[in-house]
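Every chain is named by a letter (A, B, C and D) in the order it is written, and numbering of its residues begins at 1.
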C-alpha cells in the first residue's frame, strides 16, 4: 500500500490533489459527479466582500492547449457564501480540506472577508488571490512588493488559520514575491495563477472575450507553472501548492518533484471531471511502480 | 490583387511575414527548402561578440502546444558571422529584409556587435535581444528599466540603422519597457520572446533540459503574445513586430489587428517549413475574401 | 454511427445509456476527448441531445470549427467523453398548440420532442418551421421524419427548397399557445419579438461559449432579468438554461 | 501501409517519391502533422529511413510516447508531413567485411543497407547482430528477410529467442574492417569501446531530441571532439550526424 497522505499547515491531507479556485464552484456543483470528499481538498471560487455579477459575455474560449477566461470574479459575496455555501462544505466534507479563495481591491476588502469568516466552520484556511488579472487593479498586490507585504501582515494579524498566498507568474522574478510572503507571516504559497492573454475574432475584428483580455490556463502553461513552483520552493521554506495545466498523475508528479507539497487541478476538470480522482489513483500507481511507499518523500526530490 | 506590402522603418517590406530569430539559422539553412527571398524577411540567430558553443544537451523538447528550448545562444560569433554568413544574405536576398539579432551580457557586448557590423552589407537593421532567459543575467536588460534605457541609448548613438528591441513578456507591465525603448530612440519593438519554463522526467527525477530551465514557445503562448502586442501597440507610436505561436494566416492576422505591422514565425517553422510561405498566401486569401485591398490597413484595426 | 445528412452536417449516434434514459428536449451533453489528449479540441463542446434510441443518443452537428470537425470525424468504436444530460429543457405548461421555430442545427432539440413522454401523454399538436440558407444545408426531410416523426415546413433564404424567405416569415401565431425556438441569435431575437408582441408564451434555447457545462466555471453567462423584480443580472446558460422563458432574457 | 511487426512495434510505408529516390542508410526523415494541428505531437519526430520500395519509404517505429503513438496510428490514405532525407549516412570507405550491431528499433537503418547502390556495387560482406530484451519485441525474421534480404543473428537478454545475452556479447571483430551501429546509447558506447580497443573503424548513428531536423534550431547538439585538433565542442545530430565516426564522439 502506498501512503498518499501528506502533512501540510499542521494538518493531514489524505492526498495532495485539490481542485483549483474558480474551477469547482463551491464544491457542491461537483457533488453528484465525483466523490468530492475523497479528494485532498478544494479551493472555493474567490469570495469578495460584496456579491459580484462578473464580466459581460463571452467569458471563456478555447486556446491552443488551454483556455482563456475573464469571469470577473463573479461570486455570491461574503454574506451569502457564509450563509449558503459554507454549511454545505461543513456538512458534506469531512476528509477533504477546504481553502477559501479571497479576493479584493484593497487591504480592507481582504480583511473584511477574512474577519467575516474566521469564526465559521467548514474550512481550513485561506488562499489569498493577489493575482487575478481580470479586474482593474487586480494584479496590484501580486506585482507590488510593498502592497503585498502590507496585505500579508494585515491578514496575519487577524487569523491563525493557514494563510496561503497565490502568486502571479506575471512578474520578472517570482522569488522576490515569495520572500515577501514568507517574511510577513504567510503559511504557504500557491503557484501559479493565469497569464494575461487575448484572442481575436479576425472576421468580426473584435476580441473574442467580452472583457477584451483574460487569463490563460491549461496544459499550455504547465512548464511555466512547474518552473515557478521549482523557483519558489527552492527559495522559501514554506510549503508550496503547485498549479497550472495538471491533467494527470504524471503532471502532478512533475510539480511534486519540483517542490510542491500539494497540487491543484483547474482547467482539466472542465475537460473531464474525473481528472482529479484519476490523478489520485495515478499517483498511487506511479508510486507503486517506482517502489515509493510514502508519496511525500518525493516532494522536492528533483535532482537538478 | 491584394497588396501585402507594408512600409516599416522607412523601407518597404514585400509582405509582413518574417522568420523569428533562432528558428531559421542564418537563412542559408532554409535556402534549399523554401523560397526565402519571397518572405518579408528573416531575423538571424543571435550574434554575440565571441562564438558560443551553447548549453549541454538536451536542448529542446515538446511541451503542450509548443516546445521548450535552452540553446544557450549558440552562435558563430561576430567575426565569423560577418565573414561567412552576411555575404550569403547579401548575395541571395534581394527582396526579403534581414534583421540581425544581437545578444550580450553588458552594454559593451551589444555595442561591439553593432559597431562591428554597421558598415557591412547584407542587412537592414538590428533586433536587440534583451530577453533571452537561458543565460545568466540574460534577462537583465529586459527586466531592468535603467539598464534597458542605457542600452538603447548606447546603441542609438552608434547606428542609424533600424533598431528594434525585442521585449520579454516576463515582466509585470510590458508597457513600461516599451515606453523606455521609445524614449531612448528605438525604432521598433518585437513582442514577445519565450516564457521561462521547466519540464521534468518523472522517472529519472531530473529536468529534461540540460540547462534545467528553458524558454517556452509555440501556439501555447499565442494568446500571451497577442496580448503583449496589443498592449505595446496601444501605448507607443513605434511599429511593433508580433511574435509568438503564429502557425498560419489567421494567427498572423490576430497579431496585425492587435497592432503589429510585421510578424515573425518561429516554432511553427520546425513543424513545417512551408508555414511561412503558406501564411503569406493565406493573408492574401483572407484579404481577398474580406475585400481588403491593402493589408496594411488592418494594422491595429481591432475594435476593442 | 455517423452519417452525413446535409452539407457539412452530420448525424452522430453515441452509446450513452444513462443519458439516453433521462434526456429531455433542450438539454445538452458535453462531448470531449479527455484532458491528457490536449489537442484540438481541448475543451469539450456542448451539443443538444437530438434523439434517444434505446441506449444511444443522437447528435446533429454542423462543422464550424475545430471542435465540430473532430466530433464529426469520430469513427465507429472510438471513444469520447460524454457528460449529461445537462441544463434545463422545454416546459409544456399544459400547452395545446405548440409552434417550434428552428434555424440551422437549432433543429436538434426539436427532433427529440415527439417521443418525449410529457408530450406524448399531453397530446399537444406540434408544428415545426425549419429554416436554412439554402437547399444543400437542409437536413434530409425523409431522415428527419424517420428520426423524429416530424413533418417540417422548410424555408430557405434563397428559395432553393421549400418556401422562399426567412423562417420567421412563416411564423403565424394564430391559435398557438406556446412558441419554442432554437437557432442563431438574430433569429431567436426575431421570434421572441413576434411572440412577445402577440402575447404568446415563448421559450428559447440559447448558446454561449462553455467550459465546464455544470455551473462551476461561471463562464457561460448571459444577460438576464428577474421577471418579478425586474432586476438585471447574469444567468448561466449551462445550468440556469439553455432553455429560458422569453421574459428572462435581457435582449 | 501499416503493419504490426513486434510488440508495440510497427512497420509503416509512406508515399514519398523524392525521399525514396535519395535516401541512404543512416539518414532520417522528420514526420509530423502540421503546425495548425497543434495537438500531440506538435513537433515532428525524426525516424530512420528503413526501406525504399519504388515511391515508398518504410519506417520501423516502436511506440514510446505520444509522437510514436500518433505515427503508428496513421491510417491508409491519411496524410503526414515528411521532410527528408536528412543528415549523414553510413560510409563504406572501401570496407570488405562489415559488422552491423543493432539494438531495438536501431535495426531500422540497416534494413536499407543491402539495397543501397554503393553497397551493391562494392559487394562487401554484411553481418548483422540484432538485440532485443525479449522474443516478443523481435522484428519477425521472415519479414526482416523479405524487406532487406538480411539474415539477422538475434540476441535476447532473457534468451527467449536466438542467443541468450546482450547483443554486444556477439560482437567478434576478427576480420571485420568496419563496424556500423545504431541503438540505445549504452549499447552504442559498448560497441564503440570494443571497436576502438580492436582498432576497427566504427560509425555510430546517434539520437538526440530534435525540433527542426535541418540545422536551424541548434537544438540537437551532442558533445564531440575534433579528431585532428582534439578540440571539444558540440555537433548537430541532424546535420553533422546522425552518423558519426567513433573518434568524433566525446564519450
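Observations on the model:
Methods note: a residue touches a chain if its C-beta (ideal position, glycine included) is under 8 Å from a C-beta of that chain, and two chains touch if they have at least 3 such contacts.
In this text the structure is predicted, and so the values were computed from the model without any measurement.
The chains that touch both chain A and chain C are none; no such chain exists.
Counted as hops between touching chains, the shortest connection from chain B to chain C is 2.
In this assembly, the chain whose C-alpha centre lies farthest from chain C is D.
Looking at contacts between chains, the pair that accounts for the most C-beta pairs is A-B. One inter-chain figure worth recording: chain C and chain D are separated by 54 Å, centre to centre, where each centre is the mean of the chain's CA atoms.
Here the spacing of chain B and chain D, counted between their Cα centres, is 35 Å. Averaged Cα coordinates give chain A a centre that lies 34 Å from the centre of chain B. Chain A and chain D, compared by their mean Cα positions, are separated by 46 Å.
Among the residues of chain A, those in touch with two or more other chains are 64-66, 218-220. In chain D, 38 are the positions where the chain touches two or more neighbouring chains simultaneously. Because contacts link each chain to exactly two others and close back on themselves, their graph is best described as a ring.
Applying the touch criterion to all chain pairs gives A-B, A-C, B-D, C-D.
Across the complex, chain B is touched by residues 63-66, 68, 139, 143, 170-173, 195-200, 202-203, 205-207, 212-213, 216, 218-224, 226-227, 230, 245, 250, 253-254, 257-258, 286, 290, 298, 301-304 of chain A. Residues 37-40 of chain D are the ones that touch chain C when the two sit in their complex. Chain C makes touch with chain A in their complex at residues 32-36, 38, 41-44, 66-67, 81, 83, 208-223, 233-234. For chain B in complex with chain D, the touching residues are 22-25, 29-30, 33, 45, 53-62, 65-67, 69, 71, 74, 218-220, 247-248, 267-273, 275.
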